[in-house]
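In the part that follows, the structures are each spelled out as structure tokens.
Each of the two complexes below includes chain A, the first together with chain B, the second together with chain C.
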Partner chain A sequence: MISKLAAAALAVAGSAGGPIPPAVAKITVVATTPDLGSIAREIGGDAIDVKTLAKPTEDPHFVDAKPSHIVTLNRADMLIEGGAELEIGWLPPLLESARNDKIAPGTPGLVVASQGIRMLEVPATLDRSRGDVHALGNPHFLVDPLDAKIVAAQIAAHLSEVQPQSAPLFKSNLAKFNTTVDAKMIEWQKELAPFRGAKVVTYHNDFVYLAERFGFQVEETLEPKPGIAPSAAHLAKVIEKMKAENAHVILVQPYQNRKTAETVARQTDGVVVDVSQQPGALKNTATYFDLMDTLVRTLAAAFAEKK
Partner chain B sequence: MLVSLRVAAFTATLCTLIGAATRAQQASDTTARRQQRTIDSLAAALRALEARQDSLAASPPAAPTRAAGAYMNVGFSGLSDFGWSTEPNVRSLQSGDHDPHVRGFTIPNAELAVDATVDPYFKGFTNIVWKLDERGETGVELEEMFAITTSLPWNLQFKAGQFFTEFGRQNPQHPHAWSFVDQPLVMNRMFGPDGLRSQGARVSWLLPTSFYTEAMLSVLNSAGGSTSSFRSEESGAIHGGVPIEREVAALRDLLVVPRIATSFDPTETQTILMGVSAAFGPNNSGPVSSTQIFGADLYWKWKSATAAAGFPFVSSQTEAMFRRYEAAPRQSAANAATTLPGETLRDRGVYSQVLWGIKPRIVAGLRADIVSGNPGAFDSELRADRFRVSPNYTWYPTEFSKVRLQYNYDHRKLAGSDHSLWLQFEFIMGAHAAHKF
Partner chain C sequence: MSAEFQVAWQVMKWPLAACLLLPPLLVYLGLHVVKREVIFVDLALAQVATLGTCVGLILGYPFSARVTFWISLFVTFLAAGLFSWSRASEKRQVPQEAIIGITFVVAAAGVILLLSRVAGGKEELEHLLTGELLNVTKAEVGQRTAIFAVLAAFYGALHKRFGLISSDPAKAFAEGLYVRLWDFLFYAAFALVVVSFVRLAGVLLTFAYLIVPAVCAVMLAERWMPRLAFGWGIAVTASLVGLWASYRLDLPTGAAIVCACGLLLVLVSVFVSLRREPRPVH
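Entry: the complex of A and B
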């Protein structure tokens, strides 16, 4: 009852300035990670209210399934998850407790972002001696802006099904999003074009999609295998390879061990570059576009410095 | 790819345009017309490319990929202990079913767990446990088997089958989720070696409050080996008498377990979860006697905002319980000629543990246990004062394995002090374990 009243109030408030008809309540969208939340905001605009579960600075594989998330999911009209087992360690028990069939599999209320993405690194065999490999492929795909377009289209389609009255808004926002991505892509590609074939080292294997899109190479990861902490022996190999291959740029996300990266950088005339895949983790990266701008600019600067 | 085509086409058009402009003055009309045709065809090509790109962007994703693996998640976890204690009868010290049982090696838990979505209305879970006793004999039990509803209205959820009852925090957890080698003493005292677990049903209601509040009510059979404070064949260990055959005469002979839990996040990085629980049911010391257990639990956790693999963190967990056991006048098990008087046995206990996840995959823990009971007509080992302190250190090579070293200082009023050192190893195979909070 309270939530209905609140929704009505919100709808009225929204109608004052925005394009939402007064009778339409805001759609409560829950995104597992901030990047998905940011894209949802671009598409849903004022018609939706976005909440995210993972903090931008934390490892999205290991979010605590805390009870406040149960409440958030219980009241969601829509859930957007990354999929490809990114959230497998924490989302299933939350969903079981949330008992919300609006976001059940197969309903318009559930968007699994990885569906429709051309997944990279899908393992040929499932074998955990290779580390905690995701059976369905590398789930860190949103740093490829063309994948973001696919996810945005999916979000728009699902939102339109959940609230058909606002479909025109979602459609025009999607068109706007696509136009912006296209325009930005030209900028981003221009910025990174001089560094085609450049080599980077990442902590976890989380930048392959970005590398593929913009034509640089992930030479090595500091983790010997996904989810396995760097060992001295492995780091020695990485250092040797970086020297041999003339790789000097090491990418580290806020939750990864910067000290390890710094040690490697010292021995390879390298530079540790703070990056993130999540909007809001670093300064001036509130939206997906800000994030990508910063990511591209930081990378280009690091490549230029170490050229 | 498409974008670069588009850029190329655009550049070509531009070049042609500029070329056309500079040469226009000296060119004849025919040249101008020819150039115009070239421009038009290039523009058309550009439009076609743009249209193709737009249709690609607008079209739904080409190949929908599968987002999940199989109909059923199957996992197996194996637990083994190695160690030594100054008490030769280790079982008298470590009375939990999943505790180490002997000097040397114990395999206290090998567990096959299966879970799946049954259909649009139910999810199912079952686990089968093999455990080796102190003689190395394998015991098999269907530990849990239940279905849970997924789409009931009004935020209700129903569960039915056999399950670890939601009483307190640790009782519903399986051994691989425990932070110590053995189960807390108070749980041994109140629930017996294998926790409070029986056949029955539970209804849960997620309240429409702004913070998490869940009310649960379980109704279960009050007999069986894992309902030790109630109609258990082993209840003589508590009251010293010969348990009577007590049938279920009325609904009040079932076990009723209400619980309410609530949680909130005081800051972005902290969470508090607390609850109160109770269990009411008949016991078999006499034909109309009953038992009441009350419990309160508090869990607090801090986790860094830049946590890697969930570390670093600090957590603390405390559970306190009180039991009121109405022991009827009963025939003494030790001496058939003696009748023990009717009395109320009052027991209480608390454990408190702190964990510090120092850095990825390393956890240091400390737990203290205190239990005591009022004097009764029978001096029970299971009711005597006891105190235990357990520091431990756990290394998780990955999420799927762990190595744990634990020391126990144990002081029993009737048996004196003991020291034990245990090394535990666990491995998990199959489905990725998801962790409840």
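Entry: the complex of A and C
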């Protein structure tokens, strides 16, 4: 009787057409930021459904709470957060309202990306007056492709724990991801090799990992301290330093104040370069790899222009 | 009960509780403020309360710390003192509205100055304006409700006196009341209400709850009690519409309720003017 029913069910499923339906439900994965979401998509493939909380053009430090965020978190099987206090200003109250045990700390349903990353700029002493200083180091690490590999491996491990049946898929996707990063790294290194030691200025201190990986230097930030709006006196200092150090490239993300950067650029024969760390913020940057391609290409072009 | 509804309930229940339990007192105070024709007193007090919060932030205390609350309350009491003092008896050189307006502008500029030295000040500024109603907790709602209940009893017990001072200050003076002292008590309790509420709901929503239901009520009725009833009805309707729209259309909660208030005011005005229309013209 049971086997008859099963056969009938199979026949119905089969007659629905297409390939055999998936034996297991898709894992609902929520990523706090689009870059994490994009990497999750590379690893999870069709076995997961990715939702992102922050918009690509939104500052990941400050995301406006909306009801849908709580609903999304409530229904999640897994949460991927950047960690290192990146989302400390907005995620905790949302999680409290969402009350979802599946993504509680210590469960396989929670991935904290910063775990396993060699963090830069971990402060020796913590002083509140130093602004939005992150006790756990600078949290903008995903623009270093080798850090992206570490995060990808962590996501694969957690996904395999949440859904062991699909572990082989995650493993092969991870291998594919790593191969692509390795191949791309050679390209990216080559593109930026001529500009070793070049100097940039950034708005927030959000490109140190990229600079370290590809051998250029973040000379100054327009913010006097992380998270604090640029003051006139500080900008004067930045302008002086840019002139002295021959730095001409200013990197600005979509949610940062471009006008400030333009004012500084006017006085330093500089160029303001629109960049983003989030896939989807700029044109043709749907995936993490597109994003990195665009980032490296834009940067190389700006360095070449101001050489 | 559908699963969909359960999720919505879980997300919105505490914001809903805050929007039903707290505004009644605000509506009552709003009626006083409309009577006194010092509409911008609420906005000014809310802004001063925010300024106090920013003083706390710049001293390194977190937003939710108790110290921040006390600093905010203290600064707001100062403003309350200023407002009751500036309401001079008969001979008034400078209109009180001017003092109120100046207080608002200086407090707003002060907030900008202080926040320029606080990490993420720009975003904090927006949060202080629109509030974070969506993230209110059970504890916050409970605490506020307790404070509001005590203050409601205070205003209820002294309603006759406050009502007279609001509607007929000249008579109050003539009757030998210490108008300035009573005014200070009135504004001090008002300050406590505003400081408690503005930290949950932001400056904009506080102002909207104080003024919009009161203005609608004044258009719809003549006496205190019916006005209070209409005001509560309007506040509840605006809350429900705003919260519903916030959930359905995924909009920021506080701003959605403020806009619902504005929409209701338009509807009530249209209704009132239509009702008056048929009167014969002499």
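A few remarks follow.
Assume the second predicted complex is superposed on the first by the 286 of 307 C-alpha atoms of A that agree within 3 Å, B and C clash if a C-alpha of one lies under 4 Å from a C-alpha of the other, contacts with A are read in each partner's own complex, and residues count from 1 in each chain.
The rule we apply is simple: a contact is a pair of C-beta atoms (placed from the backbone, for glycine too) under 8 Å apart; a residue touches a chain by one contact, two chains touch by 3 or more.
All values reported here derive from a predicted model rather than from experimental measurement.
Superposition of the two complexes onto chain A shows a clash between chain B and chain C. Using the contact criterion defined above for the overlaid structures, shared-chain residue A:89 touches chain B and also reaches chain C. Shared-chain residue A:68: touches chain B and chain C both. Once the two complexes are laid over each other on the shared chain, residue contacts for A:227 go to chain B and to chain C alike. The partner of chain A that touches more of its residues, comparing chain B with chain C, is B. Of the two partner chains placed around the shared chain by superposition, chain B is the only one that A:112 touches, whereas chain C remains out of contact. By the touch criterion stated above, A:60 is placed in contact with neither chain B nor chain C. Of the two partner chains placed by superposition, chain B and chain C are both touched by A:99. Comparing the listed stretches 147-155, 327-335 or 363-371 of chain B against chain C after superposition, the clashing one is 363-371.
Residue overlap on chain A between its contacts with chain B in one complex and with chain C in the other: 59, 61-62, 64-68, 70-71, 74, 89, 93, 96-97, 99, 128, 131-132, 227-229.
By the touch criterion stated above, chain A contacts chain C in their complex at residues 59, 61-62, 64-68, 70-71, 74-75, 89, 93-94, 96-97, 99, 128-129, 131-133, 225-229, 231.
Residues 3-4, 7, 53-54, 57-58, 60-67, 69, 117, 120, 123, 148-152, 155-157, 206, 208-212, 214, 261, 263-265, 268, 271, 273, 301, 303-310, 360-361, 398-400, 432-437 of chain B are the ones touching chain A in the complex.
Residues of chain C that touch chain A in their complex: 7-8, 10-12, 14, 60, 116-123, 126, 132, 134-135, 137, 246-247, 250-253. Residue ranges on chain A touching chain B, taken from their complex, read 2-3, 55, 57-59, 61-62, 64-68, 70-71, 74, 83-85, 88-93, 96-99, 101, 104-105, 112, 114-119, 128, 131-132, 135-136, 149-150, 153-154, 157, 178, 182, 185-186, 189, 227-229, 254-257.
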